[in-house]
Amino acid sequence: MSKRPITVSVDRLLRKRDAPAPRKLPADERSCPKCQTHWTSDEMRRNMRVCASCGHHFPAGARERLDQLSGGAPWVELWPELRASDPLQFVDLEPYPDRVEKAEAAGSNEALVVAEIPIGGHDCIAAIMDFSFLGGSMGSVVGEKLARACDRCVERNLPLVVITASGGARMQEGVIALMQMAKTVVAFDLMYDAELPVIVVLVHPTTGGVWASFASLGDVTYAEPGALIAFSGPRVIEQTTREKLPPEFGRAETQLANGQVDDVVDRRELPARIGKVLGILDRPSGMDPAPAVTMARAGAERAANAARTLPDLSRRVVSKVLRSDEKGGR
Amino acid sequence: MSVAARRGGQFVRRLAHRLGGSPETGSAIWETIQLARHQDRPYPLDYISRLFPDFEELHGDRLYGDDPAIVAGIGRGADGPMVVIGHQKGRDTAERTYRNFGMPGPEGYRKAMRVMALAEKMDLPVITLIDTPGAFPGSGAEERGQGGAIARSMQTMLRLRVPSIAVVIGEGSSGGALALGVTDRVMMLENSTYSVISPEGGAAILWRDAAKAKDAATAFQPTAANCYRWGIADVVVPEPAGGAHRDHDEAARLLGGYISRAMRELQALSPADRRRQRRDRYRRIGAYREVAVADPTAMASGVDPASTANGAGPAA
Amino acid sequence: MSKRPITVSVDRLLRKRDAPAPRKLPADERSCPKCQTHWTSDEMRRNMRVCASCGHHFPAGARERLDQLSGGAPWVELWPELRASDPLQFVDLEPYPDRVEKAEAAGSNEALVVAEIPIGGHDCIAAIMDFSFLGGSMGSVVGEKLARACDRCVERNLPLVVITASGGARMQEGVIALMQMAKTVVAFDLMYDAELPVIVVLVHPTTGGVWASFASLGDVTYAEPGALIAFSGPRVIEQTTREKLPPEFGRAETQLANGQVDDVVDRRELPARIGKVLGILDRPSGMDPAPAVTMARAGAERAANAARTLPDLSRRVVSKVLRSDEKGGR
Amino acid sequence: MSVAARRGGQFVRRLAHRLGGSPETGSAIWETIQLARHQDRPYPLDYISRLFPDFEELHGDRLYGDDPAIVAGIGRGADGPMVVIGHQKGRDTAERTYRNFGMPGPEGYRKAMRVMALAEKMDLPVITLIDTPGAFPGSGAEERGQGGAIARSMQTMLRLRVPSIAVVIGEGSSGGALALGVTDRVMMLENSTYSVISPEGGAAILWRDAAKAKDAATAFQPTAANCYRWGIADVVVPEPAGGAHRDHDEAARLLGGYISRAMRELQALSPADRRRQRRDRYRRIGAYREVAVADPTAMASGVDPASTANGAGPAA
C-alpha cells in the first residue's frame, strides 16, 4: 500500500500540542463515582486509575496501560501509521471522517495500540484497546493491527497480551467492520498453530463483536472488577425482551460465576499476574519448533503478504480520506 | 436461447447494472431489504427439502438445550452427503415465536458446532444458510456465553478440514450471521443483505432513532452487489425474476447449481490448501490508510522508523 | 484365549428347551401399565411391543430387536461365546456366578448381543443391550463385544448401530467393570478415525456408566419415548439432594429439550429412521480410504491382538467360573 | 542406607505383602478406605502448592459456570510447565460445602476439557489427581448432560497428543473418577482406592442397606495393590509411614519423583505412539470366558462357527 508523503503523524503533532498528553487530561481529576473521594490526576495516575478508597476502576488509556504493564520500562509502539479510512463514505449524524478526526485530535491514533513490551521480565506483544477512541469500536485498523500483532508474535516467538475495551464493531465501516471479527479469529488461529500463549484482559466495557470474537478466545482470560462483558448490552436486552436486568448483569464477577473468565483481577495486580502466567508458559529457548509452529510462521508471512496485495478498495479509500486530512490543514 | 440462459443473461445485466457506475439509491437498497425479509422468501428448510431429498434434522447441543432458531442436519442431494446448517425464522406467528425470529442463543451456535464435528468425522462438506436479524439479545443467552459461542463457531469453521460454503439467503446481520459465515466460499443471493447490524439497530445507535432505519440502510449499503464489490461475497446467486419468494423451486434450483459448481472447485483442493485460503480470505479484508510517521528521535536511537517509542525518549 | 471343549452353548440348549424362546415368554402376555389395554403375546410381538392404544413402549429383548431392525431378514450373531467371568469372586446377597447362571437360564447369553445385520438395505453391525440380563449392566463381556463390534466395522467398512438399555456398570466386576467405560470410548474412537457412522438409540432405562460412556457418543442419537436417560437415577438423586423430581425427569422427551438427543423416535419407526440415516451417510464404495481410516484399521487389528494376549487374570477367572458351570451340570 | 531408600524398601515389602498370597482382609481394606478418605490427607491443592511453585488456577467451562469440585490450572515445577486437574474435596465444613464434597457436575468436567485444550495447544503434559466419591447426583447436573460430560472428558483424554498421567490420591469412585483417568499412566497412592462405586453406594444397591458398606468394600477390593494386580494401576506410589496425611511434604516429594520418572518415559514416545498405547491399555482391560459354541447347522451353511444365525435357518 502506498505511503503518502506526510512526514509527521497526526498523533505526534497532537502530542506536541497538548504535551504531555495523553498522560494528563483535565478529565483525570475527578471524584470517584462510587465513593465520592476526590483524587488529583497525579494520585489517579500513581494508583493506575483505581480509586484507592473503594477500588473503583476508572477508564485508562492504551498508552497509560502500556506504561502500567511494563512498570515504566520502555516499549515500542508498532504500526501507528495505520489509520481508519472511510470505505462506505459513511454519514450518520456526522461524517465518519469527522468522527475519526475528532478522536485523533483527542490524542489516540486508533482504538487499538500495539506495542512490543516487556511484562514482568518477559518480552511480548501487547495489543491494548482504547475505549476513548470511538468507543473502542473495531474497524479495519483494529483488525489489521491485531492480525499484524499475531504475525509478529509468530515471527519472533512471543506471547500476546490483549486488553479489550470496546462497544463492538465499528458500524461506520459497515460489513467490512463485521468481517474484522473473522479476521481476528484467523489471527488467533496462527497463535494456536505456533503454540504461543494469548492472555486476554477484559476491561469495562467489552461488548458486541469484540466479545464475540478474539476477546472470547484467550488461553487465559482475566477481567477487571466491575467490567461489563456482554454481546448485547443491557439496554438492548431490556428493550428487546422487556426484562429488568439486575445491576450485576454481565459484570466481571457475574461472568466469573458464569464460567466465562478465569479470574477477576484488580488492575494494580495485573502486571504481576500476567508476568506470572508468562513465566509459567515460557518455553525453553532453542527448542526445535513443532511442525505446527513452522506452518504458522509460513502462514503469518503469507497472510501479511496477502493483506498487502489487496485492495483497490483501500486505495480508493486512502485517497478519499487523505483528502479530508488535507482539508483539515495537515 | 434457453430460458435458463436468458434468465442468466438477465441476471448478469442486473448485477452489472448494480455494480456499475453510481452507488445504489437508498430506495433501491430499502427495497432489497424488504425482499430479503419477505415472509414468503424461502427459508433453509425450503431449500433443504428441495436440494436434499433425504435429510435428517439433528437436535441439541449436547450441553444445555436445543435452539429452534438454527436448523442443522445431514442431507443427501445431487452432490452426495452434506451437513447443512441455517438460521430458521419461521413463517407464521406461532413458528416465528417458536424459532425466536431466527435469533439464536448460544445453544444454536453450539448445535452448529456439534454438527460440524460430525461433518469433520464423516468427511462431509458443510453448507450454511444465513438469514438472521442477529443473535438473540437476552440475559440467559449472555449468561451462557453468547459471545464465546459466536467466537468459537467462527473458530470451528476456520479449522474445518472439509469444504464449506456459506450462503446469505435473506438478511445477514451482525455477529449472529457471521458466526455461520466463515467458510471457503461466501455466496449471497441477489436480494440478500449482509450487514454489521440490522438497519433498525444501526439507526437506534447511530441516529438515536430506530425510525431512521432507511437512512441506516442507505448508509450501510448492505446489498449483495456491494458485498461482492468489497470482496465480502465471492459469488452473487441469481434469484427468479421478482425475487426468490416468487418461485421456491427455481430459487432452490439456481442455488443448487452454484453450490455444486463451487463444491467441485473446493473438492479439488487439499484440506490444508482450503484452510490456508480460508484464512487468507479473511485476513485480507479491511480498508485502512497508512500515513507516514516520521520520528527523528526514534530513528536516531535505531528504532524502526515505523514505530514510536514511549515516554522513555525525549520525544514523548 | 483358550476355548473349553464344550460343544453346545448355554443359550442354544435353552432355546431347544423352551423353543421358540425368546420369542414367546409367558410374561409377554399382559395389560398395558399406562392404559390397561390387554394384549396377547402375538399382538405384542407384531406391534414391536408397543401398546397400540397409547404408544407405551414395553421392554424388548435384544434378539427380538434384531428381528425388528432387519425386518425379518437374517442376521448373524457374533461372539456369543463370550461369557461373564468372576474376577473378584464376588458375593453380595448371592454369588455373582449364580446371578449369571440364572440370567443365562432366562435365555440371553449376555447384556449385549452383537450381530451382522442389514437395516433398511444397509449392512451394518448392531450392538443391542438387553436389560433383562442383570439389568443390562456393563461388565467385561459388554465392553469386549462392543470393542470387537467396532473392530469388525472398521475391518469391513460398516456402520455401527447401538441400542442401549442399562443400569450402568456391573458392580460385581468391580473396578474392571468401571474400566469398560473407557474401553467403549476407545472402541468408538476407532470408528472416528475410520470415518464410520455410529447411531445410538437410547431405550428405557439408559443410566450410569453406559450413559456416561459410549451411549453419549453417537454421531446420531435417538431415544425411545419415555425412556429414562440419566447418569444418576431419580432415587439416588432424591436421596442425596432431597429434591422431589417430577415424573418427566430424565425422560427422553426432557432430554430432547435438554439438547442431549437428536429425536425421540417411536420403536415402530426406528428401522426406517436408522435406514434413512445409513442411506444419507453411505459412502460410495471403491473410494480410497483416508489416511485416518488406514490408521484405524491397523488400530483395530492391533487392539484385537492386544486383547487376546492379556491376562492371567482372565485365565484364572476362566477356570473358576467354568467350575461353576460344571457344578451346574452342563 | 539413606532414609529414602529405607522407606522405599519398607514400601516394597508392604506392597509385596499386599500383593502376595491371600487377598486382603475386609478389615485391612476398610482401614485403607478410611485412610483414603482421611480429612487431613493431602488434596490436589496441597500437592500443587508443593510440586508447582508457580501455579495459576483457571476457572470456568466457558459454557455455563465454574465448578469448585474440580480445580484446574497451569503450573511450573521441576519438570517444566504442566496442566494439573484434580477433584478438590475441601477440608472444613464450609469448604466441603463450597466444593460439593469433590463431586463435580458437568461444568467441572467441561472445565477440565477446556484446560486440556490449552494443554494441547501449548504442548503441556496433563496431570490429573483423582479423589472423589463420584460425580454429583443432582437434577441440574443431569439436565446439563452429566453423562455426556463424563464420556467426552474420557474421549478428550484419549485423544490428547500430550503425555498424561492420572494419580488416584484418595478415593476414586465411579465414572466421576474415571472421567479424569484415561491417561498414558495411571498411578495409585499406596492408601488410595479405585472402585466402580463408593462402598456405601454399592451396599445400598447390592445389599439394599447402606450400612453394609464394609461388606461392599470387602467385595470390591478397591485397594491400590489389587488394582495394580489387575492392571488397572500401572504404578503404586508409596506414602510416608502411617499415610500421606502424616506428612504432606514427604507425600508430595514421593509423588513428584514418580511423576518425573514417568514423564521422562512418556516424553520419549511420539504423540502417535502414546495415543496408540493409551488406546491399547484400555482396550485390553477385561475378564471374560470364551465358551465353545458348536452350531452344526451354521457350519453347514458356511457361517463362521463362532456365530449363530437367527430365525432364518432351521436351527432357530
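A, B, C and D are the chain letters, set down in written order, and residue numbers restart from 1 in every chain.
Simple rule for what comes next: a contact is a pair of C-beta atoms (placed from the backbone, for glycine too) under 8 Å apart; a residue touches a chain by one contact, two chains touch by 3 or more.
It should be emphasised that the depicted structure is a prediction, and the values quoted were computed from it without experimental measurement.
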* Would you mind naming the chains that touch chain A and likewise touch chain C? => B, D
* For chain A and chain B, what's the span in angstrom between their mean Cα positions? -> 26
* To do: Would you kindly tell me how far, in whole Å, the mean C-alpha position of chain D lies from that of chain A?
  => 43
* To do: Specify, in ascending order, the residues of chain D that touch 2 or more different other chains.
  => 62-64, 144-145, 148, 152
* Asked: On chain C, where are the residues touching two or more other chains?
  -> 216, 258-260
* If each protein chain is taken as a node and each touching pair as an edge, is the resulting graph a line, ring, star, complete or other? -> other
* **Touch relationships between chains, expressed as pairs** => A-B, A-D, B-C, B-D, C-D
* Mind listing the chain D positions that touch chain A in their complex? => 54-66, 74-76, 80-81, 107, 111, 118, 121-123
* Asked: Along chain A, where are the residues that touch chain B in the complex?
  -> 1-10, 12, 15, 20, 23, 63, 66-67, 70, 72-85, 87-88, 90-93, 115, 139-141, 143-144, 147, 169-183, 185-190, 208-209, 211-217, 229-232, 236-237, 240-241, 243, 245, 249-250, 254, 258-260, 299, 302-303, 306-307, 310-311, 313-314, 317-318, 321-322, 325
* Would you tell me which residues of chain D are touching chain C in their complex? => 135, 137-139, 141-148, 150-152, 154-155, 158-159, 174-175, 178-179, 181-182, 194-197, 201-202, 205-208, 215-216, 219-222, 227, 230-232, 276, 279-280, 282-295, 303-304, 306-313, 316
* To do: Note which residues of chain A are touching chain D in the complex, please.
  => 192, 195, 197, 216, 219-220, 256-263, 273, 276-277, 279-284, 290
* Asked: Which bits of chain B are touching chain D when the two form their complex?
  -> 62-64, 106, 110, 144-145, 148, 152
